[in-house]
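All chains are identified by letter, namely A, B, C, D and E, in their written order; residue positions are counted from 1 within each chain.
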Amino acid sequence: MTTTEAPAPASGPGPAPSAATDPPAAVRAVRRWGFLLRRLGFYAAAAAAAIVLNFLLPRLMPGDPSSAIVEELQRVSGQQVPPETLESIRAIFGDPDQNLAEQFVGYLGQLARFDLGVSVVNFPVPVSELVLQALPWTLLLVGTTTVLAFVLGTGLGVIAGWKAGSRLDSILTPLTAFLSSVPYFWVALLALWVFGFVLGWFPLSGGYDANLAEGFNLPFLASVMHYGALPAATIVFSAFGGWLLGMRNMTVTTVREDYVLLAQAKGLSRGRVILRYAARNAMLPSFTGFAMALGGVIGGALLTETVFSYPGIGYLLFESLNKRDYPMMQGVFLIVTLATLLANLLADSLYVVLDPRIREQG
Amino acid sequence: GGSSSGDGTAGGRDDTMIYGKTDGGTTFVHNYNVVGPAIDKAPNMELVYEPLMRIDYSNGAVVEPWLAESWEFDDAGTTLTVHLRDGVTFSDGEPFTADDAVFSLNLPIEQPEFSIAGVTYEKADKVDDLTFTVTFAEPSFATLKQFANILLPMVPEHVWADQDLNTWTNPEPIGTGPFTLGEFKPQQVTLAARDDYWGGELPMSTYKIIPTSADAAKAQLLRGDIDIAQGSWANGEQEYTAKDPEHNLYQLYPNGGAMSAMFNAGRPPFDDVHVRRALAMTMDRSAITTTLQRPGTEAGPTGLNATVYADWVDPELAEPWPIDAEAAKAELADGGWTVEDGALVKDGESYRPSILFNNDWDWGSYADILINGWRDSLGIEVKPAGQPTAGFYDAMNLGDFDLAAASTGGAGVYGVYSFLDGDFVVPVGESATLNQGRWSNPEADEIIAAMESTDDEAELKELGLRMQELVVDEVPFSPLYDNFYFVEINAKRWSGWPTPDNFDHIPFVGMGPDLILTMLDLEPAEG
Amino acid sequence: MVTQIMSDAEQGTTDTVSDVLHVTGLTVEYVTDGDPVRACADVTFTLRRGEILGVAGESGSGKSTLITALTRLQRPPAVTTAGSIVFHPRDGGPAIDLVTASPRALRALRWTSLSIVLQSAMDALNPVMRLGAQFADALRTHDRTLSKDAAWARAAELLATVGISGDRARSYPHELSGGMRQRASIALALACGPELVVMDEPTTAVDVVMQRQILAQVLRLRRTLGFAVVFVTHDLSLLLELADRIAIMYAGRIVELGTARELYDDPRHPYTRGLRDSFPPLHAPLTRLTGIPGTPPDLRRPPSGCPFHPRCAARFEGCDTHLPELITKGGHAVACRLHEPTERPDPAPDSASGPASDTRPDRTEGGAS
Amino acid sequence: MRPSSRGSGLLKGWKVRVGLSVIGFFVLLALLGPWLTSSIPGLDPRANDLTAIGLPPSADHWLGTTQFGQDVLAQTIEGARGSLFVGFLSAVIGTSLAILVGLPAGYFGGRTDSWLNFLSNLFIVMPVLPLILIVAGYMQGTGLWVIALIIGFFGWSGGARTIRAQAMSVSNRDFVLAMRTLGEPHHRLLFHEVLPHLTGWIAAMFLSGVIGGVMAEAGLAFLGISDSGAISWGTMIQAAQQQSAVLRGMWWWFVPPGLCIALVATAATLVNFGVDELANPKLRTVRRSVVRRTRDRANETAVGSDA
Amino acid sequence: MTATTPAPSAPVAAPEPPVLAAVDVTKHFAVRSAVGARSVVRAVEGATLDLHRGRVVALVGESGSGKTTLARLLAGFYAPTSGEIVLEGAPVRQRRGRVERGYHKDVQLIFQDPFGSLNPLHRVRHNLERPLKLHHGVRGKAELDRRVRELLERVALSPVEQFVDKFPHELSGGQRQRVVIARALAVEPKVLLGDEPISMLDVSIRLEMLNLLDRLRTEDGLALLYITHDIASARYLCDDIVVMYAGEMVEGGPKEQVIADPQHPYTRLLVESSPDPGRGARDREALFDADADGLGEPPSLIDPPPGCRFHPRCPFAMDVCRTQAPPRADLGDGRWARCWLHADRTTAQENE
């Protein structure tokens, strides 16, 4: 870092004391980390809230996994299941006569062992196993597409914003507004129909060609990409618009900032002005939004995975809902929430790198 | 699998049969704990684990031998002696003996949480290596079909005896079936054919199951990516069969049951038979089958499919009821009911019934058809009450409905009607697992009891006729349209499929023995 | 050197060797939904090498518009609709009209010849770039041979010239105080040795003490580097101390232009006089001052004729219809019909041209020198 | 945000005008829907025309029929009612909650703010769709009311954040302090000084809420959580999907509802553009062509006067 | 200049007790740094100030020196960390940082930005009617109307009809500030606190505003606090000047004496730095050269320099300056300064 023998702390104008003071580098670094620490605190609290919510949700709501199983079994077999079976199954899924506090302690203990319980639908397979099996696919799909949509939307947004009022802008912006207004699954259905059924360019379901050996070999990876292309494309298609519009507006606003004017005055090339001055700053709010959006995106994967029968966690949740696999629902929700929180934390850390002012979001 | 899934296998495509499973989600779970209370298990586990018997839907849904070669009840109908087929081996080479059968049959008795097949016997005892007895508390001639349930499979005692079934997922299944587990991937399961299967040698060496969706499966069938799939395909004749009548087979096998309107006799107004009759008389069944694009499959009032139960159905009651608004109005009048402002009124009480249906079956539009029919012919406004699967069953079980669209049916005449037993009736608000319509009738109870205690076919037929009459008269439920096993086949690779006109077994995946029989008949198609 | 410049200025010569900039008839309009707003109208002046030209005027008189137009930094909706800004490079290269220059030609001029200091340094510095990087950006754009390290070293040097320790180059703008940022902005403006620095109210955001400090540095640097300055502010009292010549803007027009002394001692335009008398003295005896009654015009609907006439106490017939021209007499230019030889009705006494105090009998009469 | 510029300014841009007209059209459709479908023969959304099963658009059925012989046009009109009902109700709930949480947080600051802000941040980072699904799943058998309620209940956090930020900035403006100095009580300050300044944001939020509600309803219906008794665009798409309408090329079944959703959402977005531009004047852009024209005109006159 | 009439007349020394006074008031703000560690901004330290009927006190100082904080303390927005605000001899009691409506009836604050302090959504009339209703219970349209007219006339916004139903944005800056003043006057306060009331106005309009304030002071006998950056305008309007530096008051006294002969080095620096049109024609280089650069920056208020807060920038700094805060030295004629250069007098007095 820089020298510590900075001039005596001085005060400038402005009511914000943090801006007015000029702490030495060490303190600045501490503050930066302090911001992260505080965010960490928030996420810890959020995670705690999620865990409690996850605990309470099934207990506050009607429905009981054991009777769900029995009903489902009866439906499948067309036979009556004796009451003893119900009782025995109840015992497997926890003792309903325990009081809430005891249950909670037990629940925490389970969580600590990453024991999310046993799937009802897939008894006796543990939920954690199923979740772990599905999670990578969702992370892959959602991760790449979110980043892709962000990059594409932001990139185009910068261009539209920089040329605000130009023909490009006046076509691109309303068009994007329309495109991002089309219901996502509808687009996905159409895409599936056109590119999957009619043209046959892409597979209709699944995550990869199961005939191939899994692992880091070229055919397998190619197949993963081939299978993921259509879901990914539709996600990007309907998600980039939001970023574009946000970024456009931020760019339009940022471009009027004096520092962009000054950058132009300095005679910098246009690309440099756009990238390092306008876009770099305009991106910051988008970036906060990016972090915020992750929660929605992971949730949104549900629709994608349903349309494309993609083997991810969204589909898992969808299925567990349909089959009333309560432990699975809880497990998936918890994992999704924690993953979202983690993603947010990562985004926040990146934000600290991107914005030296570590503005606390309002 | 997509376009490329057809190629790529080392053994060559011709040696493989591919099933596109549409109801198993996007991934399979490696779980061959076949007796556990899991709803989803590893796909086609019935090709690995077999039951003792099978039900023959080509012939009145009678019980036929499978692993059991023969059996006989004692006169009381409380002891069943079963003789096992000789020469059956597990895929690990061990012979299948009465020990295994007894172990398998006693599993649900000893551990109730695994009693998922609804067994009614009390215990099983070995007699000799190939013989064992099953003991019942009551005369149980009619309950034989439970041994045909694939949820009651025969498992090897030498493998299963020392497993904790509450945690064991049986990763390497060993059964008597024609297949062993080849490779399990969440997105594709490969089964390998045994060469020492008791039933004979299969024409294919591998059988693949890939997860797909209903829509995708259709495209995959059209492209020939998969050989078989199942699920209804409205207008399948034009959209599938017509495109290649020789190879594209869309087959409907009646399963003997029907989609029915279940009346809740546990509360007014459907506790009154006049109301039940009136509504049953004004159901626009043909409108439903028209929109289903299955004209002519309206169900008769008995609930017994006329094809499957050809020998059993009362010919006079076989025809579906036409809409008869006048008769229906007369019924209402008989019961002292009037219709006011869309509501049913009697004794100053007015009722606005609703019809419960399962949203996940997308039944709303059919409910609308019924509702329109009732409105047009009787002036009654019935409200639609769709629920997702879970809520649907909750409402059904608790008796929290007026009318419900539910499937009826079962193996044999007894199987179809047994749920109407008055023993199952519980008050509205308590969960009933059977007879959710809470209908009870002393005569019906008597007939059902009688069916359980005889295996004399003539007597059974007689009882069946009485029961049919009663059901048509009392209308505890009113069948709407026949239920089918829907099978789609692309016969480009494999030929020799049965057809609905001429079949001994249904090529329906999930009906273990039937599928095995089908497979045994197949041969690689030319060119 | 200073004396040289001063004498040049006083002689009022217009030869191109000693002039940096010839601005003629510059008109800038803001395109709006309704009528365009003419924020700079027919602005004509000459800037001499090394001189400080002050531009003073009320808020909204078009000062910033002029500055951005001069440097061709204006963005839509601002459009330069007429006029020329001819720049004469120091090295005697061909003169170039900034209004029509190609972006590429313009970029070559920027910062090496023409730089700018904006009003708020906090806003003018990129908040997410280190100070040094912002210097290096400018330096390396115009000197491709400069290495990154050298550029940073140069940045540290430049910061030192404005009294900021060189190691501050690694700071982000928000880590500096307001005064430091403003000085850094000035150092940045001088990075490539420009011939002309335009400054748009560079010191309004800082205290008087800091202001003086900063201006002292600007003057010192100008002494050594010899660049010319166009200095925009609404604080005429500051300009009177600082500038060589002062242009007074009103409603987008230059209404008077002369040396600081001329403007202080002998303001010819009633508006200039009013403006001068709006600043209470710090030491001289206090008199009751009244400022200028009325409000500055709305440029969307500028008054007809002389834009100042609605507020002018000395207006006479025709002021509301005839737009006075800027007429130079002995280097002192003024746009007022009182000083147009042909128009003048009868020589009004100087005092009568005083501000509107006369129209308000309840007030103590305004000060005249 | 000046009063006079607000009314007139908002209606000036084509975006806002087009947006409002489209929304107005659909609202009208939703309101008049029952009357339309009941008074025009053959336009009963629930009637089954067994002679027209899954037929493409024709003179009898302008937008074709479904697999059930139902008129798609009638269903689309009826669907507007269902979808917009959910959209508006959830937006009302969401917006009210957002105001309820955001306004005090921004105005009072301090501890009130810390808690409320934590709450809204919590809801922001939570994956809301799964949460809605789970809750809706537990609710089992949900009417449009319940769906709208759930959507609204889980969809307020982003708005609360905006409201909080704006309320904070408005509350810190001098005029609020000035009125406080005059002795205005808190409630008057909140509702007469602060709140009116947020109307733009609230309107924008409400519109986004409507879009969000419509979209969420469609998404939930697609996933099978809907009121089957009601017809909405979402249930239409779901029914079409269930009947493999996409695969079978019955585009007339699923295109109209999807397009309607897209239209309403686009319209709301367009209106929000206008609101944005009003709130942030920097966004008001001048079309390049206008600039060019001005410059050209200027050049012409310059040339003219030279001559 | 030929005019001899003195500028705004200053009534001679006021014997009566102050209307509003700050007695040794200190205000510290607790702020949380990013790590959550608390630190304290010492915004105002030991400020003492008297406002008398009919007199104007100017508070000058550089940005961040605590002027606004002091004004807000006096206006009752903040509770002092220590010390007292005394209104007409009675200490003001605060409830959780707020004072009751009654206090605001006597003390009104005028903000810097006339646009910001008028709600753009309310008409002029509303702004004036609210205080009338709140503080004087004025009811009835006719009565309200009459009072509103009166107020507008008092701030010379006539013809009244032209202004009363306008929105703020339809008014010019000067007119807006008049409305702000009229609104404050509606309360009929005894003290008017102006926090840079003219600095946002156009140069040409400022004087009108100063003249208006001056008139109010003479006609209504208001006590006025005039906060400004601009020492020349302070001189124009006020009677006494108080100079603040880094949260502390460093010098005070009658305006002419303070400006003509500053006793504190900071005051001297301030006066020298201020542009003076009258000085305009003097040699520029000399004017600016007088200021050596590298005077340093104003200090942080979180961690102010020990001793005299000005010592890091003071050309006369002595050893004692660096360690001990200077005492207040009374220089006679109501003048005082807080500087070790004048410590002898303090000591002398204290010794007596």
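Throughout what follows, a residue touches a chain if its C-beta (ideal position, glycine included) is under 8 Å from a C-beta of that chain, and two chains touch if they have at least 3 such contacts.
Chain-to-protein mapping (UniProt): A, D = Peptide/nickel transport system permease protein; C, E = Peptide/nickel transport system ATP-binding protein.
If you're wondering where the values come from, they're calculated on a predicted model, not measured in any experiment.
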| query | Which other chains touch subunit B while also touching subunit D? | reply | A
| message | Using only Cα atoms to place each chain's centre, name the chain farthest from subunit C. | response | B
| field | Identity of the chain that, by mean CA position, is farthest from subunit E | value | B
| task | Please state whether A-C or A-D has more C-beta contact pairs across its interface. | result | A-D
| Taking each chain's centre as its mean C-alpha position, how far apart are subunit B and subunit C in Å? | 91
| task | Please compute the C-alpha centroid of subunit B, do the same for subunit E, then give the distance between them in whole Å. | result | 90
| Distance from the CA centroid of subunit A to that of subunit B, rounded to the nearest Å? | 41
| note | dist(centroid_CA(subunit C), centroid_CA(subunit E)) in Å evaluates to 31
| Set of subunit B residues in contact with two or more other chains | 215, 219, 360, 388, 390, 394
| query | Among the residues of subunit A, which are close enough to touch at least two other chains? | reply | 7, 10-14, 20, 22, 63, 165, 192, 197, 256, 322, 324
| remark: Multi-chain contacts in subunit E, i.e. residues touching at least two other chains, fall at 63, 297-298
| task | State the interface residues of subunit A toward subunit C in the complex, per the touch definition above. | result | 2-3, 6-7, 10-14, 19-20, 22, 28, 165, 255-259, 261-269, 272, 276-277, 280-281, 284, 354-357
| message | Using the touch definition from the top, list the residues of subunit A that touch subunit D in their complex. | response | 42-43, 45-46, 49-50, 57-58, 61-63, 163-167, 169-170, 173-174, 177-178, 180-186, 189-190, 192-193, 197, 245, 249, 252-253, 256, 292, 295-296, 298-300, 302-303, 306, 314, 317-318, 321-322, 324, 329, 332-333, 336-337, 340-341, 344, 362
| field | Complex contacts: residues of subunit E adjacent to subunit C | value | 1-8, 62-63, 172-175, 202-208, 211, 229-233, 235-236, 259-260, 269-282, 284-285, 287-289, 291, 293-295, 297-298
| query | Which of the residues in subunit C come into contact with subunit A in the complex? | reply | 68, 71, 73, 75-76, 106-112, 114-116, 118-120, 123-129, 137-138, 141-142, 165, 167-168, 170-172, 174-181, 188, 205-207
| task | Within their complex, state which residues of subunit D touch subunit E. | result | 1-4, 173-179, 181-184, 193, 196-197
